[in-house]
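Pasting the structures here.
One chain, chain A, links the two complexes that follow: it is found with chain B in the first and with chain C in the second.
For the complex of A and B:
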């Protein structure tokens, strides 16, 4: 199935290398945690995950077409 | 006082009944009342003080009058906090408490609105207060060279209606959030890195900052991406919009929504917890 990925701030560079930027083909039953592993995101920098605009846990199982947004910790002000 | 105001009020070019700033000051001196009291009495007559007449249509007279009676704690007077203090004073929030333990450094000049070659080395809270007093002489402003989450600051926070987050670390924001919950007042949060920013209203009965964003991190994104001037300016604008909506009762406790803005891509998205 295909899902849409949006990475923010310092996580953006990890999108490079995907065959089609922002899209990822993954097996059924893929979880948020699997995405973190596939994209080789630094675990400590995965602070907030949203699926289709709603806050989601690492165990969240994805469906075809889901939009996954991942934010690192941000402190500036 | 009512009679003096009624005699002096005139419709402005756009048809709003208005009391000129000169007349407001004259009546203030004649009646021996503070300018803010003249503004309130004018608004009670559905008449706009000239200073606020361009708020007409965005706020009602009653809402403008309510803002004049509100007290906001501005936590931090740096990138976000400088703009927050300025915008709230211009919109007519009557009482501002400014907290910042720091002094201006040259690295602040890229974004902090009251950092200048003349203010380097000076205390941020005090400098911001002086700038605000020149912008709006009727705003009551207090400046404290203190960490707002420290013990010493607590004694100054009585009667605060809302806390505006102008801090710059996760740890400090988590503590500020706990403080806002203890006081039972909303905290309007923003954080930024590079050309991205997020803004969120944290309600005292909703989730805390620590629960949503964590209280610590090895590194945070702005250490890599920086904080260019436009990002705190835009974020503070959205923060202050939500602050006046909360203060006027237009925005009430509801969904915990985080708005994320990417200024470079000109995109905005809402995320729900």
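For the complex of A and C:
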């Protein structure tokens, strides 16, 4: 299945070469944790994960067409 | 030490007094709100001689405690008609603390139209005619005053908007480089300063000693741990320095909570063009500076120097809220155009949130097209010249909406909502509705638990838990504001078991007292109670603690609405 991946801030470089136009083909039942592994993201930099705009845990199982956004620790206000 | 400095703007005189004992452990917002309550008639006109401007450093300002140099400025707000504390960085807070000034009270107003400059040193206060400064932008004022009184003096000043006494007018403060990048922006306090015919205040602490804590050794021990706490947390130690607050563009957009086209949807499809990532890239490419502190002793450094296409300095303190207001809210996706408007606001002296929201309301009202950046810049420029249209915009979002016959006006107590849709970030929505300040994200930043997952995890889209999130944050924030601490210390403090205790320990060592954590929280609760009491006496009721009806509409992408009951909102700041 195909999912949409968005990496932000310091994680942005990890998108290079692994997906085309922010899309990634993954097997069914792929979890957020699997994505972190596939993209080889440094675990301590993965702080906020949104799936379709909602917070998701590492165990969250993805569906085709899901929009996954991953951020390192950031804040503001 | 720790005097109250009373300045009579009518007689151009001043006097020092010892604060009453009950004020001894009040600083910052706790003190400004207390004095406004004690001395300003709640029903007075905010631009009349009866209103007063109170300027107070925090309880920890002037010490070596990291990020303790924030300043509180209070008055009755010309924008909301209620009590106001506007909080800013810059140089003034620490200098006042070193001068031994616990608060400045600016009283009365002169009859004529002649402006003054107030010069405060350890030798006293001088009124200097300031007609040469009238009409100047804040950049010009600070440059002139640094040339005249020496670089690094503290400056608080008003621009053309404050001179016109517009309800969106700010008081701007010189940052450590002498740019007017720090603002007591919200609530129209610049108009109060303008009504008293004070163009600028120069605060010079030359010849003053550093603040000496009562228990020096204990203080220095905690202060070291405190600095380490701030620099070791990933948000205050890495995220904020690297990207500033603008990193939130993508975060809040991804979460579906970025108000777009005057709060019609929660996502802006061109968010990437105004993102913190792009800002950092442009700053690097153009030779700007990625991280700067807003006051000496800041270890977080969320500010920056943003340069234009030619590599020349354009603006600093270029915040997420400003980028949102002129950006997604107005459908403008050009970071340079937004930076130009940020600079114009700092120079003219208006709040970037209320002004940006007002520009979107002008689009709503058909004055200019959605996304028209040239038209937007032109309108902001008109605030400077006194053009009637500029006066409308410069009076803020509520006034602009009324002038243009608009029915979607996102304000609470006439103050414009900031950059988080209350339907999709409910914790901060409760704060917008219930804080005595009018819609203000900094009064209780529920974005922490809702979106950033700092200090807990509470669903942003559901009501459950969000009344308590807002309540607890409003109390804690009032404590930080009393201490003179930057609000961003909340990120590490909320995530650490020892963080709040360190603040308590620093206060105890600074003043030689034995406060408990509950005593310190009581400072926050008492401040909120005082502010609510002032607002009630000024004519506010519980019906003012509501969001406008437009928020009953559904918000995409999460299909959420504003669904708190009146009873739930009324319980928020009920301390029993």
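Rule of thumb we're sticking to: the second predicted complex is superposed on the first by the 73 of 77 C-alpha atoms of A that agree within 3 Å, B and C clash if a C-alpha of one lies under 4 Å from a C-alpha of the other, contacts with A are read in each partner's own complex, and residues count from 1 in each chain.
Assume a residue touches a chain if its C-beta (ideal position, glycine included) is under 8 Å from a C-beta of that chain, and two chains touch if they have at least 3 such contacts.
Every value quoted in this text rests on a predicted model; they were computed, and no experiment measured them.
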Three-chain arrangement built on chain A, chain B and chain C clash or fit: clash
First, second, both or neither for A:9, with chain B first and chain C second: both
Contacts of A:73 with chain B and chain C, given as first, second, both or neither: both
Chain B versus chain C as contact partner of A:53, first or second or both or neither: both
Overlapping segment of chain C (options 205-213, 367-375 or 493-501) - the one that collides with chain B in the superposed model: 493-501
Overlap of chain C and chain B interfaces on chain A (superposed complexes): 8-10, 47-48, 50, 53-55, 69, 71-77
Residue ranges of chain C in contact with chain A within the complex: 233-236, 238-240, 242-248, 250-251, 254-256, 266-267, 276-277, 302, 319-320, 441-442, 445, 447-448, 451-454, 457, 459-461, 487-488, 491, 557-558
Chain A to chain C touching residues, read off their complex: 6, 8-10, 12, 47-48, 50, 52-55, 69, 71-77
Chain A residues within the chain B interface of the complex: 8-10, 44-45, 47-48, 50, 53-55, 69, 71-77
Chain B residues within the chain A interface of the complex: 76, 78-81, 165-170, 173, 190-194, 196, 198, 212-214, 217-225, 227, 231-232, 260, 262, 269-273
